[in-house]
Amino acid sequence: MTGNTRRGVMKRAAGAALAVLMGASLLAGCGSGSKEEAAANGSGDGKRVTLKVEVFDRGNSPSPHTITNNWLTQYAQKEFGDPNNIDIQFVPVQRSEETTKLNVLMASASDVPDIVFVYDSSVFYRYAQQGGLTDVGELLNEHGQNLKKYLGDETLKFGQLEGKQFAIPGKRAITARYNGYIRQDWLDKLGMKAPTTTDELYETLKAFKEKDPGGLGSKNIPMGMALAPSGYEPLIYGFIKPVKGDLTYSQRYELPLHEGFKDSMQFLNKLYNEGLISKDFSLDEQEEQLGKDFQNGNVGFMTEDVGQILYADGALDSLYKNMPDSKVAAVDAYTNPNADNKHIKSRYGSNGMYIMIPKSSKRSVEAVKYLDWMASDNNLLTMSTGVEGENYDMVDGIPVIKEDASQEIKDRVYNGGDMAILANGKVIGDQETNERAWTAGFPKQNQELMEQSIEIANTDTVGPIIFDRPIEAEAKYGTALNDKLKVIIVQSAMATPDQFEAVYEREMNDFMKIGGSELKKELEEALQEQG
Amino acid sequence: MTKAKATPLKRYGELNKRSAYLKRYWQLYALLALPILYFVIFRYGPMYGVQIAFKDFNLFTGINDSEWIGLEAFREVFAMNDFYITLRNTFMLNFLDLIVSFPAPIILAIMLYEVRSGWFKRFSQTVLYIPHFISWVIIGGIVYQLFGTQSGMINGVLQGLGFEAVPFLTEKNSWLITYLFTGVWQSAGWGTILYLAALTGVNKELFEAADVDGASRLRKIWHITLPSIKPTIVTLLILNLGKMVSIGFDRPYIIGNTAVREYSDVLSTFVYRIGLEAGQYTLATVVGLFQAVVGLVFILGSNYISKKTTGDGIL
Amino acid sequence: MSERTSNRIFDVVNITFISLFVIFCLAPFVHTIAVSLSSNRAITSGEVTLWPVETNWDAYAQVFSDHSMLRSLGFTVLLTVATTLLCMIFTIAAAYPLTKGNLKGRKFFLYLIIVTMFFSGGIIPEYLLIRDLNMINTVWALILPGLVSPFNLIILISFFKNLPPSLEESAEIDGSSFLNTLLRIVLPLSLPVMATLALFYAVGRWNGFQDALMYINDPQIYPLQLKLFQMVQNNMVTELTQLEGANRTPLTPEALKAATVIFATVPILCVYPWLQKYFVSGVMLGAVKG
């Protein structure tokens, strides 16, 4: 009896709830437009305005912070927003889906943040080309003196196209990129010296393979390799001839257009066929396997992003934990036969991300003011590192993080790197100061190796050529060519030596056909124009 | 209205019929109203986006104001070598799936149906559909650990037994097997659910009658169980054929890799590359439109054939 | 060979095969659980297979102490329930009339629906629609666009059509209205397929996050899978993030990732056993007799 009545009540309640839900859905469907207009009008009349700023969401907000409401957003609001009568509203964009979402936001005009950014130059070119960006040249003169001083002409140039300042580039703290690491204990066991040329490297790898100093048998990997730029770029740069001076074309997929690229593939083919590099490198685009192999002590030599293995509890620390007898040293192994046997390697351009103000934005003045505010006084340092005396102490002009600060204080700047959009890394002063500041952030026991790594990574570097007009073929074929580059690398490496020639030619032909030749032509023209 | 010349009497009769029809059928229209409204607003509302295929789409001027370019983008796509390669691969992988992955849940469902032990049935059903919940990113990691040439567990065992390591992931033909295997593994259990639902409708009396005739288990499966789920099989087969030129993104993208790109590059990864990454919405829309037209032809065609041959169809 | 032994052999083969498949399906899940309970050192050195190494519950402690995770779980449960209910109502309302051969315009409506299986406007017009309906940052953006899946609708139509016609006919002779027949006869007879479709919708909603990626900017209403995606995807963009250089964020520890996967998967796994009773054979027969 009771059971039945209760069921009846439940049924009615469910019915009522549904009716409400459906009613609401209809309302939501019908009441379009009007509310939006009201909101737009409300904020229009000169009083308090809203500035919308994009922010990367990586899903790592520590409780109770959220990506749109945390210590840093409050700091920006308090220090910049309130005095200027501006409400700053942060619009989260998932890191891995940034371009997709940004495209949609750009197309919607009304929803797009007033400050957006991308790392990918071709996206920036496309937006500029389609006429979607504000030329901020004048605004910078008027409201952005601090910003201009902070960035300097060299960095600002990255955001200029045909004389117009369509983007405000962030500044990169450190341009050092890659270096090599080798197992010193293996070398010692074999009585060998660290390789300093490509030939010596090859001999060393062969010795690693044949004499198996680690006693690993089938697990032995003389050279760790992944299908990731930090694996194949140093190798390719060890063979290609710079386009002019110490400059190469800026995009990774433009590597095959350089003289000497084929030599690098030939060398890779040799390494693969003689069993000197990771067999499954073509599967390892995320460097997961490489990381595991290295930590387990199976890898003799590899190239990596500077510092990548040196973080606290990172790959090196866990290698030392797993194999207490092991020892890793930094090496500069590749010498480039096509460039006077110098240790050619790539460096980053001096810019960080491209910060843009969409043309549809009505808050371009406030947007520039916000960036100018960030560039002035101590604000950038606060945005990236926190409060002096609480989060860090200044030692010799370098901010040193206080490790003993409470978690709550540390959490203030959990996404400092993403909020301080004007800097990539910690921009404290000149390059050398930045390098010292960066090194100071690593665990004590790894700092010496870090210094050596940076020194090697800064030796004989070549940087990207900057054209003052967008290369249209880049925007059009970039992604397809990038994909093809990986195919070339993998197929060239895995071909049997007698088939290398045929495979390489076939893949290269394909590369040229799907846009490579157009790209080459356009790049060469641009190069000539530049003189 | 169309029959202006009808006599008053006839018209009266028609009206009468119509009002009788409405009196009886209005409830059905009322039921349909909201769902149809949904389709009109949410599915047909954005459909104007299809015109992107015929325009030089500019993000900032918008869809309606972008410039018409006619069939230029179609010409461009149809001239791309990658388009034909990815189309071929899409067909190939879908066709193999149709042969291998489509029957798998049917067989599995029948096997489950034949299980007599109640707890085992419940337990295994619950477990079999777990893979459906594991995202492809994680499956990718596991596949790598299992099938890797140097570090994979299977090759570890093979080498331990004195065999050569098999490049399951980097040699294109072996890769096809890996691809199919993961597909079956991931979807077979989940796919049984619909067939199990259909099997609840089997008339138990037929089995009793078959027992009296002394029919074997396999005979009963063939003559009673299978026919009872035939309509479901046909429906799903038709729906599957409609998807022959469309393919999910995750599975070929994550199980695939650069070494087997020749087989693993499919239309969805192609569209992702040109459309989302390179921002060429026009080209991406052209490919989408092509897939839509082919898909529609396939589904209507297979429905027609199915109706002629089995009497079952979706329309 | 007697009938009994052949029966017996059939059972043994059958159960062996299913058991093998069960093991295959269970292993990765067990592996993920093992990872979630292991130390990061053991995980990265590849020692963890099916059993935790250096067991600890830190990862779970971290997940459960994260309020945003718990809130997201609650939100996702409510969202899934509401979505499933609405989807089922709309799908049933669309399916039943379309099984009636006499319904005028039936073919037209069917074509109207099937076309949407193939043609869509694309990501930008869809976003603009949601914006114009004022649904950005609301739960409606996560519920309404996927209200009726044409695929599920066609399946339901096919099941309705295959119900024994005699039952409905007898009801019609009794003068029962369509609505009455639907509620009194058709639905009770279709419980298994309805349970199936409800599961399809629920799982689809539970696992979906692409729409939230586009339509939701407010972290308070992030579905759980979006949070999981952030965590997993964080590690998956090395190529994209190359240029970030020193700005690269530290990777999410594997154990935490695995614990989050388990946290986000187990609730929806619990739905099936609960629906399982509808898959018990004999629903139909009971209905016919009763």
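All chains are identified by letter, namely A, B and C, in their written order; residue positions are counted from 1 within each chain.
Heads up, the rule we're going with is that contacts are C-beta pairs under 8 Å (C-beta built on N, C-alpha and C of every residue); 3 or more make two chains touch, one makes a residue touch a chain.
Please read all numbers here as calculations on a predicted model, not as lab measurements.
Student: Line, ring, star, complete or other: which describes how these chains touch one another?
Tutor: Looks like everything touches everything, fully connected.
Student: Name whichever of B-C and A-C has more C-beta pairs touching across its two chains.
Tutor: Higher C-beta contact count between the two pairs: B-C.
Student: Centroid from C-alpha atoms only, then distance subunit A to subunit C, rounded to Å. What do you get?
Tutor: Averaging C-alpha atoms per chain gives centres 35 Å apart.
Student: Quick one: subunit B and subunit C, Cα centre-to-centre, how many Å?
Tutor: Those two chain centres are 16 Å apart.
Student: For subunit C, which residues are shared contacts with two or more other chains?
Tutor: Residue numbers touching two or more other chains: 46, 124, 128, 144, 233, 236.
Student: So which stretches of subunit A touch two or more other chains?
Tutor: 29, 100, 103, 107, 285, 292
Student: Subunit B: which residues touch two or more other chains?
Tutor: Within subunit B, residues 41, 151, 281 contact more than one other chain.
Student: Can you list the subunit B residues touching subunit A in their complex?
Tutor: 41, 58-62, 80-82, 141, 144, 148-151, 159, 169-170, 257-259, 261, 273-274, 276-281
Student: If you look only at subunit A, which of its residues touch subunit B in the complex?
Tutor: 29, 99-100, 103, 106-107, 109, 122-123, 126-127, 130-132, 218-219, 221, 227, 278-280, 282-283, 285, 288-289, 292-293, 359-360, 475-480, 483, 486-487, 489-491, 494, 510, 513-514
Student: Can you name the residues of subunit C that touch subunit A in the complex?
Tutor: 40-41, 44-46, 65-68, 82, 85-86, 89, 123-124, 127-128, 131-136, 138, 140, 143-144, 213-214, 217-220, 226-227, 229-231, 233-247, 249-250, 252
Student: Write out the stretch or stretches of subunit C touching subunit B in their complex.
Tutor: 3, 6-7, 10-11, 14-15, 17-19, 21-22, 24-26, 28-29, 31-32, 46, 90-91, 93-94, 96-98, 100, 102-104, 107, 109-122, 124-126, 128-129, 144-145, 147-148, 151, 154-155, 157-159, 161-162, 177-179, 182, 192-193, 195-196, 199, 203, 207, 228, 232-233, 236, 261, 265, 268-269, 272-273, 276, 278-285
Student: State the interface residues of subunit B toward subunit C in the complex, per the touch definition above.
Tutor: Of all residues in subunit B, those touching subunit C are 21, 24-25, 27-29, 31-32, 34-36, 38-39, 41-50, 52, 63, 108, 111-112, 114-117, 120, 122-135, 137-139, 142, 145, 151, 185, 188-189, 193-194, 196-204, 214, 216-218, 231-232, 235-236, 239, 242, 281, 284-285, 288-289, 291-293, 295-296, 299, 312, 314-315.
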